[in-house]
């Protein structure tokens, strides 16, 4: 297949397929979680579970000082690649065009040079995350194949996007095709790895926060 | 018709000075990214060039390529070179017609067998045994095969001849194919574009006449000298792309300020051609400069590449329909999974055997 | 009634998995920060003590049985079923190296309540016969005798008699319609009788009626610690039946950690209905008295002191400010540990660890966390409000030959109570 044929496929049926699997997969996970039910708390509450749930969804975005002091690098690195990924995804002109065309939403973007730098930082941060996962005894204990699949699926779009924009490695058309294919790979594997956290974190924070709000305890 | 005047003699006859001729050679050399030392070699060869026989076959085409190449308001050296070649067969330009024209072709082929240059424009339909396009009762397919056999090389001019072009677009009812799809035993130079830039053609011919070989080609068979860079890299509006300044509509502030046309569907980044540097109409302008995004006309299947006005970063399918369909499927599969989960959990709960303090020791 | 088995254990775990648990496993990104919150990992450096790792068998059951993807992987032979070996290997992780302190739950960036998952996985382990010897024994005694330490009513009556003798105060048994029904932990009955005296004196000053149930005086709940809800429910039911029969207004959970969790939070859910009475921790009651002006104290402790926050009371019970309000009434030099309040560190003996002799070694290693907190502060007195914490703190302090007395907060408050009212003085004189 020529590069342009691959690109046309990736922009067309490839994307539709990946998007469909992503939507189907995530909905499936949602049903799988909710179907297991949650018994109501019969103990007398001190406060509002709803307030606790909503509050916790927000507050868990920040680390507690005592744990931050123990693993500042790991924690900061987590912010770096999450923020970097979001900045590259949401503030690069051509990406905004995608959202505008498909969702009717648009917002101002950042200069492409800034996006370029952020992409480099994000890739470096992901590489650091991998090194930490391979060298820390705790992380080695709890890591599985899924972690590495998710890592690769997250890294490739950023890396190929950077290479494409900078016309590196292979001709642009081919690199752009690879970039789109890597995005499609991410969409396809997401529902079957820990990347489900992109949605389920709302649930998990809510559940603990709700119980804490009801009980009037820290969360 | 042919005579034995060399190109140099012909140009002098037409009043082109030596200086003008050398300037043309220098321009040609630089356009093909050849070093200055080659200029005199080009000049020498061109000067002595005899009139090669060129047979031009027009198949399933719109004649736009011929129009582009031959439309000139003032004589240029390109057109003079064009005059220099012995164009023994060309539907639009030849004087003869009907049987006389076909006879001229046969003669030219016989006399120059193995040495003539075959130029093709238009795609070749193969459906219904090629019945969709015939000349003098001969299908394009048959004519191509016959003429190609004695050709020294083939130049596929225009995207139709190079890659199938417009007729090849979905659903390709005529079974249109490119020259390279059908001829595999002859050297082929693809000179795509819809139409190609005039100076590109003359540059390719000049190369062939000078060196008797094909120029260096990319993996789509195009001369790297003209198709080696993509539009995006040579586009004068690139700084706006870098700064993230895009025109959103054709008449908004950004458009008026000449901002990048990426969001209006410009295919510059994936298109390889010389438009951004050589431009059109002898350097007057080119699509982007005129305010319209590049449509990628020198690339295979550009008609089916998702629409001229949809940006490269936008998937071409109907995302909302896909999402709705997948959501419906997701709800169905999810509901089934939910039923299973509930059942399994209920089974576990029903099977719950109360644990008393006598049930704690495994011995 | 049925014999323990691995199959039964797995069945129990299946039953325990609910939507929150599923969301937790779906969200866990293996960041490993929970290990940084855990004192057992922190003080031993053993990666296997990473909190989320402690519930790995439950995660496997969840994935293989409650997710389509997991079922597909299983059918392709790509997943390992949970076997007896996993129960063997994980028993010490689930019981010995976890005090259910809940710090990991507070730390998790995606909001996973890991300690609650460990509480749940214990249901399966106990049902499979993989609970520690010490906890099995405690449970047996709690159910059959009425107390995990084997304390019976006569022992309680003896304490009540001592109380009468020392202070002239009554501790009425089975008083219908009392304001408060007081529960006691075996530890307090056996080791810290000053608690009962403190309560009696404070109640007298506050002018409240109170009682102890002869049928349900035990506050601790071995079922919670071993992780068997069936047993925990039976133990809670005793308290509920007694309190509702007596028609008391509020049941007071004493200075004990998990007892509060048992009666206040798990209780109604274990028996399947709300209580007809309120539940408060003794410190909540005392703080209410303070706020209502019913608690009059005098004098201040001069010593530099700090408060050890019992996990179940403060972090998981929400009784954070009350001990501080009370201490500020009677202490002039109260300093906080750097990690204090809801983020304080466990004494290392909660969640059944103290009843599990096998866990002694790891428990004392974990205690080094508390030691470093104390070393940093350099206090003269350590105050707390849980008898189990108190024992552990004393043991740990002794182990490290530190010179640091440990005092219960209720006792300390009572020590500073203003002189008895004139009528009571006269009453005493008349005896």
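Descriptive notes on the structure:
Labels A, B and C are assigned to the chains in the order they are written; within every chain, residues are numbered from 1.
Convention: contacts are C-beta pairs under 8 Å (C-beta built on N, C-alpha and C of every residue); 3 or more make two chains touch, one makes a residue touch a chain.
Predicted, not measured: the structure shown is a model, and the values here were computed from it.
Among the remaining chains, those touching chain A as well as chain C are B. Looking at A-B alongside B-C, one finds more C-beta pairs in contact between the chains of A-B.
At the centre of the protein atoms shown, by the Cα-centroid criterion, sits A.
Centre-to-centre, using mean CA coordinates, chain A is 39 Å away from chain B.
Chain centres here are Cα means. That of chain B falls 77 Å from that of chain C. Residue numbers of chain B whose C-beta contacts span two or more other chains: 333, 337, 341, 345. Annotation for chain C: residues 17, 66-68 touch two or more other chains. Looking at chain A, one finds that residues 28, 32, 34-37 touch two or more other chains. Remark: chain A residues 2, 4-5, 7-8, 11-13, 15-16, 19-28, 30-32, 34-37, 92-95, 97-98, 100-102, 109-113, 115, 167, 172-173, 176, 180 touch chain B in the complex. For chain C in complex with chain A, the touching residues are 17-24, 26-33, 35-37, 41, 45, 47-48, 50, 52-53, 66-69, 105-113, 264-269, 272-275, 278-279, 315-318, 320, 339, 341-343.
Residues 28-29, 32-39, 41-44, 46, 56-57, 60-61, 63-64, 66-67, 70-71, 74-75, 78, 133, 136-144, 147, 191-192, 194, 196-197, 200-201, 203-209, 211, 215-219 of chain A touch chain C in their complex.
Of all residues in chain C, only 1-4, 8, 11-12, 14-15, 17, 65-68, 126-131, 136, 139-140, 143-144, 226, 228, 230-231 touch chain B in the complex they form. Listing the residues of chain B that touch chain C in their complex gives 333, 337, 341, 344-345, 348-349, 351-363.
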